[in-house]
Every structure is written in C-alpha cells, then in structure tokens.
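For reference, chains read A, B, C, D and E in written order, and residue numbers begin at 1 within each chain.
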C-alpha cells in the first residue's frame, strides 16, 4: 500500500476546510493525501466493505461507533477532532429579528407560513441534532409540520440563501461560509448531543506509513487555525 | 377549354431525370413503358407525392401544379385516388376501417361510390373484419382499390392494379372499372404491362420510352 | 410484511407523482419525439442535446436549476404563481415536475424511435385519401407509434419512481407532500441498521414497476395482436 | 475557461468510465434487447422487470447492492478477485460497472424497439438464401437495428456521464480513481461559493454529450442515407 | 424412385385451412388458382417458412418435411431459391450486395449460375451500385430473381415473378427461365395468373381451387 497515496474518507460537510488542510499538509513536503468526500453513511458502509481508506473523518459518532464495534478502526487512534454549533439562520436580506428559541409563537411569526429548512431529522446528523434541540426547547410539535427536509445541510442552507425558506437550521460553519444568510441565534449546547467530528485510522493489514503523521497534523496548530477560521471549534 | 390531361413536367429523382408531356382528352389514359421508365414517378407527381422540378399539371381543367404560378396543391386536397403498386394498407386498421378511411374527408363531396356496391363488386365482403397482414397479395390489392374508390376521388390513378390478381378476378374487375369510367365520367390513368388490359381499358395509350440518363 | 402509515403515505404519493409526471410529460414527449424524428429545422441538434441534459448532469444540478427557475423566488416560479396561482415550490406538483424532467430523455427517445420506424409511404397513402397533416398524424402515425409510446411511458414512470436527487433538491422531502418512496428509502440509508425498512420499501417499488411493465406488455401485445394474429 | 489539473483528471476519468460503460454493456444490451423483442420464453416479464430495476430504485440502493455484491468483501467481488484477478471495489472499473448498470434500461429499450421494428420477412428471405440464425442476425437484423443501437449507446453514454448516486455509494469518490465529473460537481455543491466551478464543469459535461449526440446523428444519418438517398 | 414433387400437407394459417396433394414428375410445375387459394402458403411451406400442421414434403427425392418422421429441415438448409411476390430486398445493402448475399453460403455447392451471366440476362448491370429503395417495382423484382439464382438453389420457387415486369422484359425472361429449367435440370414451381406464361413455362399445371373455409 506504500505507492498509493494516503486515502482519507471525510464527511462531505468538511470539504471546504479539509481541502485547505490537505494542501497545507502537502506543502510541508509530504505526499499529498487524496480525500474522498461523501455522506458519512456512504463512507462508513464502504469501510464496512473493505474500502481502501486509511483515515475516516465522520460527521457523527454513531457511524464511528458502528465501525468501532465491528473492529474496523484502530480504537487507539479514535478521538473527537472537531465540534460544531447548531445555529438558526435567515436570509441575509430579510431583516428577520432574532427571537427566543423557546417561544413557539415567535417561531410561527418568523416563519409566516413558510418552511423551516433542515437536514433530514431521521437520518442526517444535522437533522437529528435539530430535532433533539427543538424537542428540548418544546417547539417541536409546533414546527414539525413546517419542516422542509433535505439530504444534507448544504441543501438546507441553499433554501435559505435563495429565500425559498425564511428560516433554516444549519451548522455555524455553513452559516459563516454563505454570505447570503445571517445567523439569528445559536442553539444552546445543552439542547442536543454534542456535535463532534470523530477521526480514526482505519484498521488495515498494512497501515499506510503516513497515517500517523497525517492524524498528528490534523491535531496540530496549523490545521487548528484553518478549522477555526471555517467556524469549527476544536474538540481537544 | 383545355384537355382533360394537360401535363408538361420535368421529373427528377436520384439521378433519374425525365421530361413528360401529355395532352389528351382521353377518359382513361393508359401508361405503358419498360420498367424504370418513370410511370410510377409520373403518377406520384400527379398525386402530389413527388414534386416536379418544374412544369405544369392540370387535370379536367383543375391546375394541380404550376411552377411558374407557384401553385402546388397538397396531396390531400387534390382528390386523387391512388392505387399503389404495393397495396399500402394501414396495418393497424381492419379491412373495414381501411375501406372507410377516406370517407370522413369526403363528406362534402358527391358520393359516386357506395360502400356496399364497392365491397360486393370487389368480392371483399368476407374480408371486412380481417387484419390486413393476413391478406394474400390479391386480397390486399382488391381492398386497396376499394379504399381509393371510397375516398370519392375526381381522378383515379392505378399503378398496375391487377398485376397481383388472378385471371378470373381480372376479368371480373375490368368491366367494373370500365363502368366506373363510363358512368362517373371519372378520368383515370392506368399503368399496366398487359396489352389486353390496356386495350380494353383505355382510349389512349401513352408509351413512356426508357429514360435518358 | 406490514407497512407503517408513513410508508403507505409515501407509496401513495410516489404513485401520484410518477403517474402525473409520466402522463403530463407525454404530449411534450410526443411533440419532441416527432420533431426529432421527422422535422428538419435549424437547431435540431440543440433540441436533441437539450432533451438529453437531464441525463448528462447530476440530478442535484438539475434540481438546483429547477429551484432557481421554478422556486418561489425564481423568475418562472413567480410568474406562474402570480399569473395562474400555480405553486411548485415545496409541493408535490414540484416533485412531479422534477420527475418528469428527469424522465423526459427516456420518454422522447422511445417515441422518436417509434416514429422513425414508421414507413412514410403509409402517410403518403393517407394523404391521397384526403387526410391533411394533423389527421395523418392522429390516424396513422400516432397509432403506429403506439408501442413505442407505451414503452416510453413505462420508462418515464419507472424513472419517476426512482428519482429523488433532483426532487429533494428542488422541493425537499416533506412527508405527505414531497417525500416519495425513493426519498424515504434514501433517508433510511443514512442511519445505521435501517436495512430492513429499506428492503421492505424497495420491494414495494419493484412490485409497482413490475405491475407497470406487465400492464404495458399487455397493451403492446394487444396492439401487436390486432396487427398480426 | 481554464480547468485545474484535478478537474482535467476528473474529465478524463469520466470519459473513460462513460465510454467503457457504454461499450462494455453493449453486447449485453443487444442480447437483452433481442430476447425481449423476439424470443418467447417463460420469465420474459421477469427479465423485463429486472432490466428496469436500476430506474425504479434510488441510485444509492443500487450502489449499496453493488457494494455488498461486488465489493472487496462481497461474494461475487471476492470470486472475481480470486478467479480472474479483477478488482471492481473502489476502482474506476467499479465506477464503469455502476454507470453501465444505471444506463442499462435505456440501452436495452432503444435496442429492443429497433429490433421490434424490423420486418421478419427480411429475415425469412435471408433464410431461403442459406443464412442460418446467427448469420441472419449479423447480416440482417443487426444492421437494420443499427440506428436504434446507436441511439441506445448515446443514452447509455449520457447517463454514465451524469451518474453519480450509485457510483459514489459503490466506489466512493476517490480523486483520480473514482471521482468522475458528476461526483466532482456534487462535491463542489458542498462548498458555498462553488457555483463558478460547478457551472464550468457542467458546461464540460454538456459539451461532451453534445459532441456524442452530434456524432450519433451523423452515424444514423449516414446509415439512413445509405438506404434512402 | 419417388416423384420429383411429392407433397401431401395440410396447411393452416389464421382461420385458413387446406389440404394440398401434389405428385408430379414435372420439371416446372405451374400453380394457379384464385387469390387467397393458398398458393403463396404452399410455397412457404415448401421453403420452410410456414410449418404445415401435418404431412410430408419431398422434392427430387429429398425429404424436407415429414411430420410422422419428425423431419423438419430449417429453411436455410433446404437450398430453395424463393422469389417473393414482393421483392424483399435488403434495404441496408446495395444491389450488388443483395445479389451476392447467398454466395457465401453456397461456397461448397456446384455453381450453376455465374454472377455476370445472371446480371447480363436480367439487365441489371446499370443498377449494381444503386440502393434498393430507389428501384422501380420491376427493377426490384429482377434483382430479387437474380439474388435467388445466385444462392445456387436446388429448387426454385417463383411467386408471380413477372407480375411487375413490362411485356418486353417478360418476353426476355421467359426463355431464360426456360433455359434454366432445361440446362440445369432445376425443378421449379411457378405461380402465375397469366395463362400464356403458364403455358410456356410449365409441364404441368396445378390449379388450387378456392379454399374451403
């Protein structure tokens, strides 16, 4: 496996920041890794089926747990790399005022008959966090009928950016990257499970010689700066 | 008044070229000539299925085509019954529906031919419910003749209509076609290779010589 | 095999969306198929390429283009809303539109091939019998192209059942409104351990399309029988 | 319009995958099209339904089924690997397989319609001249079905260009190996502000398919010209 | 030894049914009968294109079909040249390739007919490079006759082969077909409605009466 470049499987939502990290890493004189982006679920299933991935960067813990239970990742290398924050966004030009997230009436008023864009609440991690938060805040039953669910956070973001949906729940990293939306409020950390991006080396018969180095680089200061810039919090 | 057939056209098709001139007061004009002489092509030009390079086609005082005057009546408004060398029945329609096809476009025209008469004379009554692919060659051709007549045309073009019929049917049909000619005053152009047929059907015989290439 | 109310809802919605998509696009498919098979006009290749677009681009791109055009803020979407009161955004009608567009290349190609296979001599014969162009089309070309049209309909219907990339990008997945069978299946793929439910729904989708195929074979055989038997 | 090396790589890979997918599935498409058009055998409807499956199910389901079957741990995948040394998992060959399967219904339907349109009387004439069934097929049926076969190839090729749902699920989107144009476009949709790059790549995909359509029109016209002009 | 034609079959097609019995030592057997009598169907049964319901077909001592013995030679191994009522030329092949089609399957057979001779006699030399859709009806039929001969058959079936030819060509071809019969000893079945043709071509005339339905 030495001649093949280091292969990283990463959740699609990491693409912006991780592309920069990977090229910075290559600039330090190491062989550039190749990064395959897809939905966390697709990547995890592929690793279950023997994908030639050396490193897995998941967008949630559940799939990483599944792999760990199946003894497919190196437990010693697993750790939570990044954290994210769930925020409520509105179109930048809409002038929607901020409101208390626990106030059902305020939600209805702000939606004004429109829809709340959110990733799939029964599948995609961002959607699962969003549902937990809305349940915790006691507004789920009010909003359940008004959801517009999407395949990933980006599509939810796009609905808000294009003004199709007056409100959306996305990660702070997405809100920062999209100038056409404005963050109205952040959901309290206690309202949902911690949003973490675990990373681990995939168990292989002959580990790539750069795996450890890349994992180390991900945790280093240079990578941290890039991730912070994109809006992530560091988990360590 | 001009002649019944007043035709002067130059035909072109692939590298086939020919000039045809016909001026005739015949009721039934027979067209003979060797294979490839252009008989079918001339009929097609008259029916509006082949556009001549230039010239003029008038039948019974009606100008169907005139390149100088930019007249070119579309085929469906020429009211010309065409019995093709191959029957060309509609495969998705039963025999009865094939026969009736032209009727709906002929509603406001004088009905010269009645459905039952035509069916009886062509002996196709037992075939009415049949599918056209099941017909023998001669059966198909008889249906095609009937279909053309029932569109109530002003002019009938027959391209070797009896070639695939047996002698008995042939004998049966010729008098009928003669009667059509005499009773209805319908002009006809009759293509055939059979000298006897031509003699009995036509007033005038036009022989197309082999095309100059 | 029991299905939850939510699943039944998704199935019913899928049927509605797929049927509407297939039949509503049929007139356009016949028109495009006819033009490509018989007409000669400048820009024919461009029309051909345009018809193929939904195949060539990833469904999400088509979905995004639909959103930009037919969304509540899209130029055409706003016009439709104001002029006819038609809303596509976040509605099942939008899902039908997305499915129709994704299936359009399949519909058109089948119909086009059918028109190309018709002997123009039969249309000529119809002309000498007095039929003008529209009548020839309705009484000769269309019935003769029938098997190809049915084939195209089945393809479009099947495609509409399977479509979800463009649909979800355009109208999201709203249970009971735009969450079709395929969208539901895809959602289940995202959680660990959803396999049982996935296969259950997949079997429903397969059964529906099998029924559609059997129905179409029957239709085509009846027509062929009429001609040959 | 300049393209980055990574984009050029994705374009070249897409071309390779789409061409291999279209042409490698052609023999199977011809066989299936022929069987469905002409043969009578029990289970014909089942074959028909099977061929339609990739349309009916969401691409990710097909991709997942491929992953489980042809993956490195899959039964068929392991057998292929051990017996022939063929690896599909996470290789461009796997991307070609996924694209071929997704395009198969389109390929088969076009070819089937073409075979159905051939007059069996011509095959009979060939038989009386001494041609046995395989010869009749090669010298009469196949050339007469040619326009439909070309049409099917174009559809399969176009579909292979646009395919990514099954591909990304089966073989992931590994740059240089399995990341095709469509997968790259999808990736770009994940980054805000990626619109420029998306449209750039979309235009490339459209240009490629336009070229394929023009080529196919030319091929079909040449053949038709041979018959009619 | 059995007769040249030793046929006793019952044919069925749609709701058409008939029993045909032929025992004849004729070289050229003419087949006449009204349209729909089953002439074409009988030829198809002999050529292996229509499977009889039961019976036996033997020609020149060779059994082609025997329902009792379960013999049913496929069409391509019967070596029977068939000139169809419609020409049935291959539309994707030029005239030359149509003529040559059977040659590759006849390599190990005695070549009775040479390409150039056939082309000259049928007067189709100017057509060799043509596409078949451009041929007139008679041109197409001449090519079809040539194509059948060049497959070097043991038996020739002609289904109204001259019906679409002009009188001159007809006169020209009949002696040639007579020569084929006399020189090659090739048995032939000749379907025609034209009494004169039948008289000149055939030793024996078999009239199929109208089918009992």
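Couple of notes before you dig in:
Assume a contact is a pair of C-beta atoms (placed from the backbone, for glycine too) under 8 Å apart; a residue touches a chain by one contact, two chains touch by 3 or more.
Given the structure is predicted, the values throughout are model-derived calculations rather than measurements.
Think of each touching pair as a link: the shortest run of links from chain C to chain E has 2 of them. Steps from chain A to chain C, minimised over paths through touching chains, total 1. If you average the Cα atoms of chain A and of chain B, the two centres end up 78 Å apart. The mean-CA centres of chain B and chain C are about 45 angstrom from one another, to the nearest whole unit.
Inter-chain centre distance (chain A to chain D, centres taken as mean C-alpha positions): 35 Å.
Rounded to a whole number, the gap between the C-alpha centres of chain B and chain D is 50 angstrom. Residue numbers of chain B whose C-beta contacts span two or more other chains: 14, 86.
Looking at chain D, one finds that residues 60, 64, 189, 229 touch two or more other chains. In chain A, the residues that touch at least two other chains are 42. Of all possible chain pairings, those that touch are A-C, A-D, B-C, B-E, C-D, D-E.
Against chain A, the residues of chain C that register as touching in their complex are 64, 67-68, 71-73, 89-90, 168-169, 172-174, 179, 186-192. Interface of chain B with chain C (complex): residues 47-49, 74-82, 84, 86, 88, 90-92, 101-102, 105-106, 131, 133, 147-148, 151. Against chain C, in their complex, chain D makes its touches with residues 45, 48-49, 52-61, 64, 105-106, 109-110, 112-114, 116-117, 147-148, 151, 154-155, 158-159, 161-162, 164-165, 182, 185-186, 189, 198, 202, 205-206, 208-210, 213-214, 217.
By the touch criterion given at the top, residues 7, 9, 12-13, 15-16, 34-38, 42-43, 45-46, 48-53, 152, 154, 157, 161, 174, 177-178 of chain A touch chain D in their complex. The residues of chain E lying in touch with chain B in their complex are 13-14, 32-36, 40, 85-86, 126, 134-139, 142, 160, 163-170, 193-195.
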